[in-house]
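The next part holds the structures, each set out as structure tokens.
What follows is subunit A paired twice: with subunit B in the first complex and subunit C in the second.
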Partner chain A sequence: MRFLVRRFLFYLVAAYVAITLNFFLPRLMVGDPVQVMFSKFQGRMDPRAVESLKETFGFVDAPVHEQYFTYLKHLVKGDLGISLTNFPVPVSEVISGSLEWTLRLVGIATIFAFSIGMILGTIAAWRRGKFVDTLILPIASILAAFPYFWIAMLALYYLAHIQGWFPIGHGYNLRLKEDWGDRAYVSSVIEHGMLPMLTVVITALGGWMLGMRNNMINVLAEDYITLAQAKGLSDRRVMLVYAARNAILPSLTGFAMSLGFVIGGALIVEIVFAYPGMGFTLLNSVNGRDYPLMQGIFLMITLSVLAANFFADVIYVLLDPRAR
Partner chain B sequence: MSSTPSQPGQPAESTTLLSVQDLQVEYRTRRGAVKAVDHVSFDVSKNEVFGLAGESGCGKSTAAHAIIRILKPPAYITGGKVMFMGHDVRQMNDMELRRFRWRHVAIVFQSAMNALNPVLSVGNQIKDVLRAHTNMKPDETHERALELLRVVGIDTKRLGSYPHQLSGGMRQRAVIAIALALNPEMVIMDEPTTALDVVVQKQILQEIRQLKDEFGFSILFITHDLSLLVEFSDRIGIMYAGELVETAPSQEIFNSPRHPYTHRLMNSFPTIWGARQELLGIPGSPPDLITPPSGCRFHPRCELALADGTCKQVRPMLIDVSSKHRAACHLVEQQLAVQKETVP
Partner chain C sequence: MKTRSLILVLVLVTMLVASNVVNAQDGTKIPRGGVVVVSEGRQAPFVSNFNPYAPDPTPWAQAGVYEPLMIPNAPNGFELIPWLATGYSYSEDLLTLTFTLQEGVKWNDGEDFNADDVVFTFELFQKFPALDRKATLPYFSSVEKVDDYTVAIHLTEVYTLAHYLFSSVWPLPEHAWSTIEDPVTYTNDTPVATGPLATVKVVNEQVLELCRNETYWQMGEDGLPLPYVDCMRQPVYPGNDPANLATVNGEVDWVANFIPDIESTFIAANPEKHHYYFWPGGGVVSLYYNTEKAPYNDLAFRQALSMAIDYESVTSIGMYGYTNPSEPILLSDAFKGSWNQEAIDAAAEMGIHEYDPDAAEAALDAAGYVDANGDGWRDLPDGSDLSFKVQVVNGWTDWVTSVQIMSQNFQDVGLNASIDVLDFGIWLNNLQTGTYDTSIGWGTGDPTAWDVFRNLLFSDLIGDDGIANAQLWSRWTSEEADQLLVDYVATTDAAAQKAAMDRIQMIFVENLPLIPLFPGPTWYEWTDYRFTGFPTEEDYYIQGSSWTTNGQRLVVLMQLHCISEETCAEAQ
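Coming up: the complex of A and B.
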């Protein structure tokens, strides 16, 4: 318990540092980015957008500490400024709009990939050298080594374009209205999500599986496994409670980290499939030099990675008595 | 302090519990087959403590693991028989093996430190063996677990403790508690106290002795510390390079070891309760078990090796020195032959 409290305080401090950096970094930029951008937009920029930019970069007539407190106050209220590319929609709204898609797609895919990877890794190690293992191992190694934009493009080209089994791009059929009460809309969301999700699961799966297999093989060589077998326990209990339970521990941190990065979206997959998630939005914000939006997204990613790390600590404490 | 060992508890009954006959085990490595156990035979009787001693790497653990068939590849039993209470262990199928292990023979590992699952409480590791073998209800397994902790001298409050919260001595006791859970006829103890300091070591050995007298199980006790074994066991077998070279009652091993290797081994350790002796040590190092020396495996290190080359060429058999004392040495063979001639 004391360990968790200590960790929590640590992450709180880290979050505060991240938030503060987020405030100061744009202010440390040399030159006058606002002017540069203003000229880039060639006067087509709304004056209110200019105000928003100025606030972001600190070109306001107020002492820094006052700006800082205003920034913090806005942040608490969830006000991250106004998006330039989606003007006048606030950054927070843009983010929550795409976050929903990303959480669904990448979140579910990450959990799937991890669970399936752990299960396959456990089985492969348990039946090391047997048929299942010799079947899974090369497949997993190849998948883990594949560049994943390549799988994404291959899937898009072959399964969607040539075979026409899946729709090409977007989160749902654009002719439908966003309405979760509408059966057609829901099934369209599922249809559109299949291929990107498959891509994410397949590319992440191999790594998880190989990692788990390795850890399992190490654990299986431990004396407590031999003792458990000599005790006459059932294979299932030895495999799950004695072996897998110990072997999964090193993978947990990685899993929590990838959960944290879910918020950042699956950049390439979202781009390839034109999926309206965070990755896609981030790309748009970079292309459109939408600094407030970029800043908002980075802040979200940082905070969620911290939260995920804390989550990892909690799981660790639950599963490993030595961490208590 | 006297340097003679204490009298072993009670004379062993003559009923044979475990009979190992010509056991052969090899590790199939890329370099070749490591003949870790080669034609080893010995019996252990009911209520007896049989000690197995020898230098590190001579195949003691391998033999023990082969007896309850927990060897994993690349180790393979390539020959011989293991009979336990009349049952052929090598012929058992998985179900029979599962029942045989722990109910009849339990083992305490060499590195008991790593023998406990770090994420399960000690109590659960005792209870799961009860659950696997009996129909006990949860409160019964709980009672039994508490009783076992009491028996091995662990505070019953420790039932919910995890291995890392226990001292080395307590972990060792917990492993012994697990071994005793089903009242087995025999407990194999593979260097159960090597990792502990001398004081705790002595305590635990005494407790094992008491438990043995109370519950009446046999012990196959393995160690490389012969002086300790002489104090602790009824009978002793000496292994060298995968072979059993001498077996005799402890007293006889202590008073009149016949094999030159045993003799050297006796002198290479200070007795823990006895006076310090001059340590002779054993010159040279144990042989490679992939290509062991011809003839007597000890001959390259033996200063008594016969000049006529017999030791180098002919493999000595275990022969009876007396009714309970056997040794595998050409020298002993010659001496016996001479005795026979002079005493017709």
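Coming up: the complex of A and C.
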């Protein structure tokens, strides 16, 4: 228990540091929101109109320390502020639309990739030199080594554009109304999510699998495994309860981290498949020097990574008695 | 069974034919319905914000949901098309600008649109300067309702192009907006508007769909309210590639995308149905130099630079052949009516603005820019080193290629030029503060030739803080040019204006404050699988790109309709 309390306090301090960095880092970038908005029109916006933009965004000019305290005060209240690129829409509203798509696609894909990777990695180590170890593992590792966008574009071009098996873009058939009670809508969401999901899982699989296999091999050399086998326990019990339970520990931290990063979205997936999500929203906020939106998203990523890490600590304690 | 179904078919066909005959007025019936799919390249996720005076509202809020008083027709020399206003006039002393308004226009909640709304809108700017997105405030003192359909704007000074400025405003409904406490932060999710697409159907992070205003004031040829199409749908594409893939696939009807190598990608996919026309009428992209610094303060050096540039290569390689070299006078095709042929001839006589490396070398030699220290590069006449950078924005690949060609051109005549790729913010900041040597940059494209030169030459644009606003980045000004620009807008006499405009062009050519390269093309592609009525190269009745800020797409929208009932059914 003391371990968990100590960890919790540590995360609290980390969160404060992250919140502060989160405020100052974006402001170190060159350029301001007015300038960038002006540039978007590439000379089509009347230069005289810049005055009215400055008037609208007036609050950006306040002294930095004042901005910082306002920021902290609003955070406590859970107010992320108003987006500048989408002025005057609140940050929370800008984020909410993309967030559910990201959580669904990237979240499910991460869990899938991790689970499948763990299982295949376990099998590969247990049956070294057999089918999974000599065929699936190298293929998965090679796929993981390819740049993701290359595989995604290839899949999109061949499977969607040429073969027509999958739709080309977006999270659902845009002709339909967003309505979870409508079966056609639900099936179009699944259909549109298949290809992005598949490419994410395929490319993420190799890393998990390899990590698990190597950990397993280390664990399998331990004396207690030999003892378990000598006791005449079933292969399955030795593999899962004695070996895999211990071998999974190092991967768990990595899994928690990647779960935390789910919130950040998967920018390249979103760009290639025109799929909605947080990655593109984040990119737009950075390009637009939209400090409140940037802060909002970075904050969510930071907090979810910290939360996921804390969660991993808890699991660790449950799985590994030594940590108690 | 067989005969019965045959009879049924016959009856149906007769009914269809009959209904067609009833509706036909000149023999053809324009089919109604269908959803036009629009793409404007890379697009940020949509959020609901139909306040037309927000800094960057939902696309189509400004010309679609709301409408301007008048619409400038770019291909027709920016002549104003009557829209919510039927016309304008100036008072004798030129200090009052009067608009007469269209009668019979209704807001989509059934209220009449009239002078009260227009007066309310301008007075709202005075109360909330942050809404003054068109920068009208310095130009008017008060607005007055003359009668229900006449509005008088009292100007603070004589400004005879004020009708362009004031007619570009989108009137707001007084009855709906007068009770709003803070219109600056109002997102107007269910707009009360007069525009043809005033009904918001869907707006989320993936798609925007706006549908027709059932009570729109303009009538089609069939006597029913326009537009002929039911809805406009614009999907979000996070990058140019997915947008172009959908376009090549024929999923999009009306496109404003940059497509590289368009002939062998987009056109080759279906030469019959895919079309594009990049009208070269945008602002003229130019090479700027800082004329407050040596050697750019030397006219002979500037002229030599203009002879060294291979304009054809810049446009054919850098710009993929999507535009052509500009005239030496800085005015694009949009202002053909204002071209001063004498100035063009004078430029030809001086040999400037023509690719001739030998002449450039001779001019540099004559002006004393020779290699003094033997390092292979030309030096300043006083013998000190001369090397300079050409700035360009990171990621704007067409400009980067153009600048690469130009710096190569400069090196070919012995000048130590190199390319400097910068982040946008830094690039703009350097231009504005005058901390640069040379740079590529955009020019002004609308709405009048006066605006083009004002933004590039008018000395008032350099503020007290030394910041060069608009595009006065070369910092070259002259009292004569200033005076001509002031005189131009102090009169409505067309002959006097023409004389001033001719003289300005002559001053420009004689002094070469910057080097015009090419008119910026406007990306515009369309497909005719489902819809027809788009402006074509042969009949370019209005600027075709949907990506305009001044309402020209409304004119296209009035013309668009399905090719047939079948394509209407297909376009859902």
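Just so it is clear, the second predicted complex is superposed on the first by the 273 of 324 C-alpha atoms of A that agree within 3 Å, B and C clash if a C-alpha of one lies under 4 Å from a C-alpha of the other, contacts with A are read in each partner's own complex, and residues count from 1 in each chain.
Quick note on the criterion: contacts are C-beta pairs under 8 Å (C-beta built on N, C-alpha and C of every residue); 3 or more make two chains touch, one makes a residue touch a chain.
Note that the structure is predicted; figures quoted are calculated from it, not measured.
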Touched partner set for A:53, first subunit B, second subunit C, both or neither: second
Which of subunit B and subunit C A:17 touches, first, second, both or neither: neither
First (subunit B), second (subunit C), both or neither touched by A:223: first
Which superposed partner A:321 touches (first subunit B, second subunit C, both, neither): first
Touching partner for A:246 - first (subunit B), second (subunit C), both, neither: first
Which partner reaches more residues of subunit A (counting touched residues only), subunit B or subunit C: C
Subunit B residues within the subunit A interface of the complex: 68, 70, 72, 98-99, 101-103, 106-107, 109, 111, 114-121, 128-129, 132-133, 162, 164-165, 175, 178
Touching residues (chain side subunit A, partner subunit B) in the complex: 222-224, 226-234, 237, 241-242, 245-246, 319-322
Sites on subunit A touched by subunit C in the complex: 29-32, 35-53, 55-58, 82-89, 93-94, 97-98, 101, 153, 156, 161, 168-172, 174-175, 177-178, 270-274, 276, 280-281, 283-284, 288-289
List of subunit C residues in touch with subunit A within their complex: 35, 44-45, 47-49, 51, 54-56, 129-135, 138, 184-187, 202, 204-207, 209, 233, 235-239, 241-243, 245-246, 249, 251, 283, 423-426, 428-429, 442-446, 455, 461, 469-471, 520, 549, 572
